[in-house]
Amino acid sequence: MTNSTIINSTIHIFLALIMPPLLLGVIGKTKAAFAGRVGAPFLQPYYDILRLLHKGTVFSTTTSWVFRAGPIVALATTAVASLLIPFGAHPSPISFDGDMILYAYLFALGRFFTMAAALDTGSSFEGMGSAREATYSCLAEPTLFFALITLSRLSGSYSLTGMLSNVSSGAWLYAGASLLLLIGGMFIVLLVENCRIPFDDPNTHLELTMIHEVMVLDHSGPAFAIIQYAASLKLFVLGAFFVQLALPFATGSPFPDWGIFIVSMLLLAVIIGVVESVMARLRLVRVPQLLVAATILAAFSTLLVIR
Amino acid sequence: MFAALIILPLIGSAVTWLIPYDRLRPKVLAFFACVHFGITLRMLIYTPSESPGGWFHLDALGKIVLLSTSILFMTCAFYSIGYLFYRRERSNRLLCVGVLVCLAAASMVTITHHLGLMWVALETTTISMAPLIYFNRNARSIEATWKYLLICSVGVALALIGIYFLAYATIVAKVEPSLLLDDLMRDAGKLSSGWVHAAFVFLLVGFGTKMGLAPLHTWKPDAYGEAPGLVGALLSGGLVNLAFLALMRIYQLSLATKEIIFFQNALIVMGLFSMVVAAIFMAKQADFKRMLAYSSVEHVGIMAVAIGIGGRAILGALFHLLANSLTKGVLFLASGNIHRSYNSKNTDHVRGALRRLPWSGGLFLAGFIAITGSPPFAPFISEFTIISSAFIQGRMLIGAIFLISLMIIFIGMALTVLPMVMGEVPPESEATSYSDTVWTVGPPLFLLLLVFILGVWIPAPLMALLRDASALLEVH
Amino acid sequence: MHFVLQGAFDPALVAIGAALVIGLAGIPGLFIRQPGPGQILSAVVTVLSATAGVPAVLQLLFSKTSTTYMLQWGLPFGLCELVIDPLSAFFLIPVFLVTAAGSIFAIGYWPAAEHSTNERGLTFFYGLLASSMAILLMARNGVFFIMVWEVMALSSYFLLVTEHEKAEVRRAGIVYLIATHFGTAALLVYFSLLAAQTGSFQLPVAGSLSAISPSATIVALAAIIGFGAKAGIMPLHVWLPSAHANAPSHVSAVMSGVMLKMGLYGIFRTLTYFHDPPLLWGGILTLCGITSALLGIAFAVAQRDLKRLLACSSIENIGIITTCLGVALLGVSSHNNTLIYLGMAGALLHVLNHSFFKTLLFLGSGAVIHAAGTREMNLMGGLGKSMPRVALLFLVGAVAICGIPPLNGFISEFILYLGLFLQLKADSLIYLVFLAPVLALVGGLAVIAFTKLYGSVFLGTPRCPDAVTHHEAGMTMQMPMIFFAVLCLFIGIAPQLALHLVSPAIAVCYPLLQLTELPAEYGVILGKISLSGVLLLSAVVIVSLFWRWRLGRAPVTSATTWGCGYQRGTARMQYGASSFSELAVSVFTGIIRQRIDRPVVNGLFPGTARCSDHPSETILERIIEPLFTMIGISFAFLRRLQHGLVHVYMMYIFATLFILMLWAN
Amino acid sequence: MISLADQFLVLVLLINFISLGTSRLIFSIRAVAVQGVILGILPGLIHPFSWHLVAITLVIVTVKGFVIPQLLGRAVRSAEIKREAEPFLGYVPTLLLGALFTALSFGFAGRLPMLPEHQNYMFVPASIATLMSGFLILTTRRKAISQVIGYLVLENGIFIFGLLLAEAMPVMVEAGALLDLLVGTFVMGIVINQISREFSSLDTSLLTSLKEE
C-alpha cells in the first residue's frame, strides 16, 4: 500500500459516493435546454434523495422481507461494482484477474433482488416490468462479454484496470475499427442497463410502457431514495467503463487525470441527454432486435481483434 | 443308473395312469420328479461309466441339459399340485402321464450318444407333449395342437433323413457304418463332404424346427399361447434345450469335419434372423403368453448365434441354456397364475397385477427384468459373455445386430409387461376364485431365487462343468 | 467367496462398509409390521453411515495411496476389484451427503403413516440406489461396474414409479427405463471393446491407452452415449424432465443431485484412460455441453411445472460441466496445462456445487408441493408468508444456481470463464473464448427462469383458493435444506478451500501434468473473490443498517399494493409464471417451443375463456415418438407373416431347406 | 433282383403321382397303404434272408399297410367327407410340380457320391422324389386328412432311404422310428377326429384363429 494508492482509492470512493446524482442532473439540464426550458438545478437529484430520506414509508400488505431486501442488495452490489471499475487512468481499489466477470455478475445479483422485490408486491404492472427487465438484461449480457474479450485481447490483461488503462489513443491506431464497433454496442448496453430512452423512459407516467421505474412503484421514502441513488451509481459505474473506452485521454500525472475523468463523465451525461432529447422511445418489440444488433456489433469487434 | 433314469419316470407314468383320483395324481407326479432329480444329482456327482457299446454316455453337455431339465420338471411338478387344484373341472390323467413320459424321453436324449436313438427320444417328447397342449380342450387349443404336431413331426422327420445321410456317408466312406457319435467323430475326416453337407442342412432344419429357430418357429406362439403356463414352461425350458443339445451334438461332429465354418455361419444367420423376427413380433404384443413364446424364439436365436461365434461365447451359450430355462420357468408359471386370476391373457384386460396378485405380479416383473438380460440375474452373465466375445473377436456387425434386436425386444416387452403389472386393476375385470397360494407361488419363487444366485455367484463345480462342456465344443 | 486384503485397516474399508450398510438400511422396514419405525431406522442408519463415510472419504481424497480390495467372485470375468482413488473419493462426497439428507427429509415428506402402501418399497429401493451409486464409484471391474450400474438404474426406476397408479408416472417410468437401457447397451459395447484392447475386464489405468486406434474412437463414442444418456446430455436428455418431475421430491434430489453425476463420473473415468485424445473428442464434448446448457435453460424458462423447471436446469448444469470437461480435454490435446487445470477444476467443482444447490432446490420444491398440493406454478404464490424459512433457504438455492456471487454457483462458472479468457494468451484454440458470451447468455436465462420460479411460487399473494392449507415445513424437512444452504454459502465465501478438494482428483486424472504452482496461483485469485464476497455482505449489512436508521425516523404505514389507479386488483391478476416468461419465450421462439391454446373471444358479451401454454418436449415429441410409431407400423405390416395357415408354414420350412441347400453347395 | 426292386420303386413313384393327382381321400389313403406294403416288401428284395428281416417286413406291412390306413379311414368316415374339395393349388399344376421335383431329385441324386453297387439303383432319387411329393401334398392340400397323407408319403420317402443302410441302423432304432411314426399318426388321427367334432369339417383353412393381426 503506497501513499499514492491510498490517495487514489480515497478519491475513487469519494467520487463514487458524491458524483453519481450529478449525472442525472446534467442529463435533466441538457434535455431542458433542448426543450427550451430552464429546467431543474444540477443538484436537483441530490435534493430529491435527501427529501425522500426524510419521508415516511408505506409497505404493501402483500410484501414480505424480500421486498425490503430489494433496494438494499441493489445498492450494495452496485457499490462493490464501483470498487472494481477504474476511474479514468487510475487503477481501481480492488483489482485481480477475472474481476470483470465478478463485475458483470454483481449487476445480475442486484437485478435478481430488484425483480424479486417487484414480484413480491403482487402488482401485475411490476411483474410486467420485471419480466421485461429480465429479458432485456439477459440479451444485453453477451454484448458486455464480447466487449470484455476484445479489451482483454487488446490489452493482454485480465482485470478491468489492466484492460481499460491500456486503451489509449495508441490502441485506436491499430484497433480503431473494432473499438468503434465496440463503442456502438456498449452505448446501447449502457442505455439499456440504465433504462434510458430509447429503451425506457425514466419519467413517463404510463406504467404500461415502463421497465425499471414500474418495478419500484411500491417503494417509498428512504427505500426509494436508496433505489434512486443506486440507479445513478449504476449509470456512473457503467458510464466509467464506457468513458474509458470512448475517451481514453490521459496525461500521466494523477490530478489532471481525475479532472479529465470528471469532465468526460459529464460529457457522457450531456451525450445521453442529447440522445434522449432527439430520440423517441422505441416500441417494446423493437428493443430485443436492437439488443441483438448490439451483440452482433460487439461480436464483430471481437472477431476483428482475435483473428 | 442309466436305466433307472428312464425306467422310473415310465413306471411313474404307468402309476399315474392307474390312479383314479385327480387330487392324488399331481402329488405322485411330484414324487417321481423328485426321485428323478435325486438320480440326476447322484449321476452328476458320481458320473457312471460309459455303457457297453457306447450307446449311453453322460458327458458334460448331457449333464448340463439333464440338470436344467430335471430341475425344471421337478419345479413344474410341484407347481402342478397348486395349479391343477384350480383346474378340477377336467381330468388331469393325460397331463400327468404325458409329463412323465416326456421326462423319460428327455433323459434318454441327454444320456444317449447314438443319433438314431436320440432321434427316437426326441420324436417321443414331441408326441408326448401334444395332449398337454390340448389340455384346455377348446377350438383354439385343438388348432394349436394340430399345428404343433404337424410342423414338429415334419421337422423331426427331416432330421431323421439327415441322420440317414450321415449313416450313408459312413457307408460310402467305407468305414464301419455306425450312428454312434464317437465313431462318427472318429471317422469324420473321411466322410464325403457332399453327404455331410446335405446331412447338416437337414439336421439343422429338423432340430431347428423343434427348437423354434425362425422361420421354423411358426408353431411356437400357438402352442405356448394355448397350453397351460405349466406346459409352456416345460416346452420353452425343457424341450427347446433337448433340441439344442441335439444341435450341439451335430456341432461336435461338424468340428471334426471340414464343414464347421459353413455350419457356424448357418447357425449365426439363423440365430440373428430369429432374434430379429422375435423383435418384430414382440412389439405391441397384446397376448402375454404369445409374447413369451417369441421371447423363447429370441433366446434359441441367442444360443444359436453363441455357438456359431464360438470361443468364449460357447461358455455363454451353455450357461444361457441353464439360465434361460430357469427364467422361462419363472415367467410361464407366473403368467399361468395371472392368466388364472384374470381369466384372460390379453393385456387390455390384465392391468395392475401387482395390486391383485402381489406375488405373481412381482415374479412376472422380476422375470421380465431377468430375461431381458439385466443384472443381477443369470441371463445377464450369459448374454454379456456372448456379446463381449462377439466384440472381442471383432465381429462388430454381429454384435450390433444382436444388441439392436435385444434393445427392440426390451422395449417391446417393457411396453407389454409394465402396463400389465402396474397401475390399478380395471374395475370391469371379474374376480375369479384364484388367489396366490404357496403351491402356485413357491415353485416360480424357487426358480427366481436360483436365477438370482446364478446371477451373482456361479458355484465352482458348475463352473467346472460348464468349462468341460464348452471344451467339447471348441475347435482343437 | 473370500476377501484378499492388502495392507492394514484403512479408511477405504470404512467407506465400503458405509456404502453396504446404507444398502441394507431399508430391509428391516420390509419386515416390521406397523409403518414408521422402519423408515426412521433406515434414516438413522443412513445418516450414521454417512457421517462415518464422509471423513473416511475426505481422508482418502487427500491420501496419496489408494488400497485395492480384491473380491474373488464366481463369475468368469476376472477378479472384482474395489479401489477408492481421489477421483472416486471426490464423487463419493455428494453421494453420502445427499442420500443422508434425503433420507431425513423423507420422514417428513413421505411419512410412512400416510403412504403405508408404498413407503416400504420406497425406503428399500432408496437405500439400494444410494449404496449402488457408492459402490459404482469404487468398482474397477467392468462387469461388476455394469452390474452395479444396472442395479442403480433399476432401483431408481422403481423409486420413480412409486406412485404407479398415476398414468403420467407410468409413462415417465417407461421412458426412463428405455432410455437407461439404451445407455446400458452402449456400455456393453464400451466394456467389451475395452476388454478387447486391454485383454481383461479391469478398467485401464490412467493414460495407459492410445486414442489413435479406430476402436478407441468407438470406445469414446460408446462412453459418451452410454454415460451421457444417464447424465442427461442433449440429445439423450429425453427421459430427464418427466422422470425428475414425477419422482418423490427427495428421490428427484438424489437423481438430479447425484445419479446424473454417475454418468459424468463415467466420462471422467473414460477420458483418463487415453494419454493422447484427438482434438475432435474435446470439440464434440464442448459442443454437446454448451448446447445442453443453452437449450436446457431455455426449456427451463418455458416450464410451468415447478419440478420440470428444476429438471431442465439440471440439463443446463450438466451441460456446463460437460463444457468444462470438453475444454479440459482440448487442453490435453493442445498440451495446455492451464486449460486442463481450470477446465477440470471448474467441472469437478460444479459437480459438487450442483449436487448441493440442486438438492437444496428439489428438497425445497418437495416442501412446497407438500404444502401447496400441486406442481403447477401458475396456481401457487405467496408461499413466502406461510413458509418463510423454506422461502429463505430456497432463495439461497435459486441465487446459487444462477451462478451469482457470493454463492458457490458463481465460483465454478468463474473458474471456467477464467480458463476461457486465459485462452486469449494461448497460441492455439483461441476461438474457445467465444464460449464466454454464450455462457453469459445462459446465465441471463437462468436468472429469468429462477426469478420466474421464485416469484410465482413464494412471492405475491396466493393464487389458488386452497392456500389456507399452506403450512411451514417440519423440522425433518428443514434441517437438510439448512445444511445444504450453509454449504452453498461456505463454498461461495471460501472458494480457495474448495480448490484444495478438487486438485487431488485432477492429479489422478492427469498424472502426467505437474500441478504444483497452478493451484496456488488461482488460490490467490479466489482469495480476492472471497474478499469481495465478504465486502458485498458487509455492504449489504451497512446499507440495511442505514436504511433501518432512516426507517426509524419517520412513520411506517402499510396499505394495499398500488394498483396504478385500479382499486379491485385480485390475486389472479398477478403476473403468473407463464406470463412472466412469455416475453422471453417470444424472443427465443424457435429454441423454445410451446403450444398455446388461445380461445376465440368474440361477441359483445363473450363467455369465460382460458388461455394456456404447454411447453413441448421437442426431441421426444417431435422425433422419437414419431419414429417409434413408424417402426411400430412397419412391424405390424411384417407381423402378417404369422397368418395361421399351416400349409404356408410348411412352405417356410421347405424354403429354408432349399435356401440352405443352395448355400451349402 | 435289382431290376425287380427298381420296378417296385417305379411303382412307388407312380403312387406318389396318384396321391398327388387324386381328389378322393379314401382312394389316396389306399394308394399310400399300397405304397407302405411295397416298402415293406422291398427290404426282402435287397437284403439276404434273415429272421430279423422277416420280422421287420411283417411289422412294416401291418403298420403301414393296414393299421394306419384303418385309422385314417375311420377319421374320414366319421367326418363324412369324400373328397378334397378345392386344394390351394390345382391338381394339374401339382402334378406338373411333382414331375418337376422328381426330375430334380434325380438330378440331385446324381450329384451325390454313392456306392458303386447303389449307383444304378433308383433308391436315392426315388426317396427324395417321394419326400418332395409328400411336401407337395402337405403344402397344397386343404383337408387335415390329406395333410396327414402328405406326412405319410414324406415318411415313406425317408424310409426308402433307410433301406440302403440296414446295417447302420440297429433293429431297436428301426423299431423305435416305426413306433414313433405309428403313435404320431395315431395321435394325428385323434386330433383329426377332435377337429371334425370341433369345426364340423377337416378344412385346415378354418384353423386360422391363432395369428398376429
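Observations on the model:
Labels A, B, C and D are assigned to the chains in the order they are written; within every chain, residues are numbered from 1.
Just so it is clear, contacts are C-beta pairs under 8 Å (C-beta built on N, C-alpha and C of every residue); 3 or more make two chains touch, one makes a residue touch a chain.
Bear in mind that the values here come from a model prediction, so they are computed numbers and not experimental data.
Using the contact threshold fixed earlier, the set of chains in contact with both chain C and chain D is B. Set against the C-alpha centre of chain C, every other chain centre is closer than that of D. Which two chains touch most often is answered by the contact tally, and the pair is A-C. Taking the mean of the C-alpha atoms as each chain's centre, chain A and chain C sit 36 Å apart. A straight line joining the Cα centres of chain A and chain B is 79 Å long.
We define each chain's centre as the mean of its Cα atoms; on that basis chain A and chain D are separated by 101 Å.
We define each chain's centre as the mean of its Cα atoms; on that basis chain B and chain D are separated by 30 Å. Not a single residue in chain A touches at least two other chains.
Residue positions 138, 147, 204, 207, 209-210, 212 of chain D are each in touch with at least two other chains. Contact with two or more other chains is made by residues 639, 642, 644, 646, 650 of chain C.
Contact between chains, per the stated criterion, is found for A-C, B-C, B-D, C-D.
Of all residues in chain B, only 146-147, 150-151, 154-155, 158, 197-198, 200-202, 204-205, 208-209, 215-216, 218-219, 221-222, 262, 266, 280-281, 283-284, 315, 352, 354, 369, 372, 374-376, 380-381, 384-385, 387-388, 390-392, 394, 399, 403, 406-407, 410-411, 414-415, 418-419, 422-424, 456-460, 463 touch chain C in the complex they form. Residue ranges on chain C touching chain D, taken from their complex, read 639-640, 642-648, 650-651, 654. The touching residues of chain D, counted against chain C in their complex, run 88, 135, 138-142, 147, 204-205, 207-213. Against chain B, the residues of chain D that register as touching in their complex are 111-115, 127, 131, 138, 144, 147, 151, 154-155, 157-158, 161-162, 164-165, 167-170, 172-173, 176-177, 179-180, 183-184, 187-188, 191, 194-195, 198-199, 204, 207, 209-210, 212.
The part of chain A that touches chain C in the complex is made up of residues 53-66, 71-73, 75-77, 79-80, 83-84, 94, 96-99, 101-102, 104-106, 108-109, 111-112, 115-116, 119-128, 130-132, 134-135, 137-146, 148-149, 152-153, 156, 158, 207, 217-218, 221-223, 225-226, 288, 295, 299, 302, 306.
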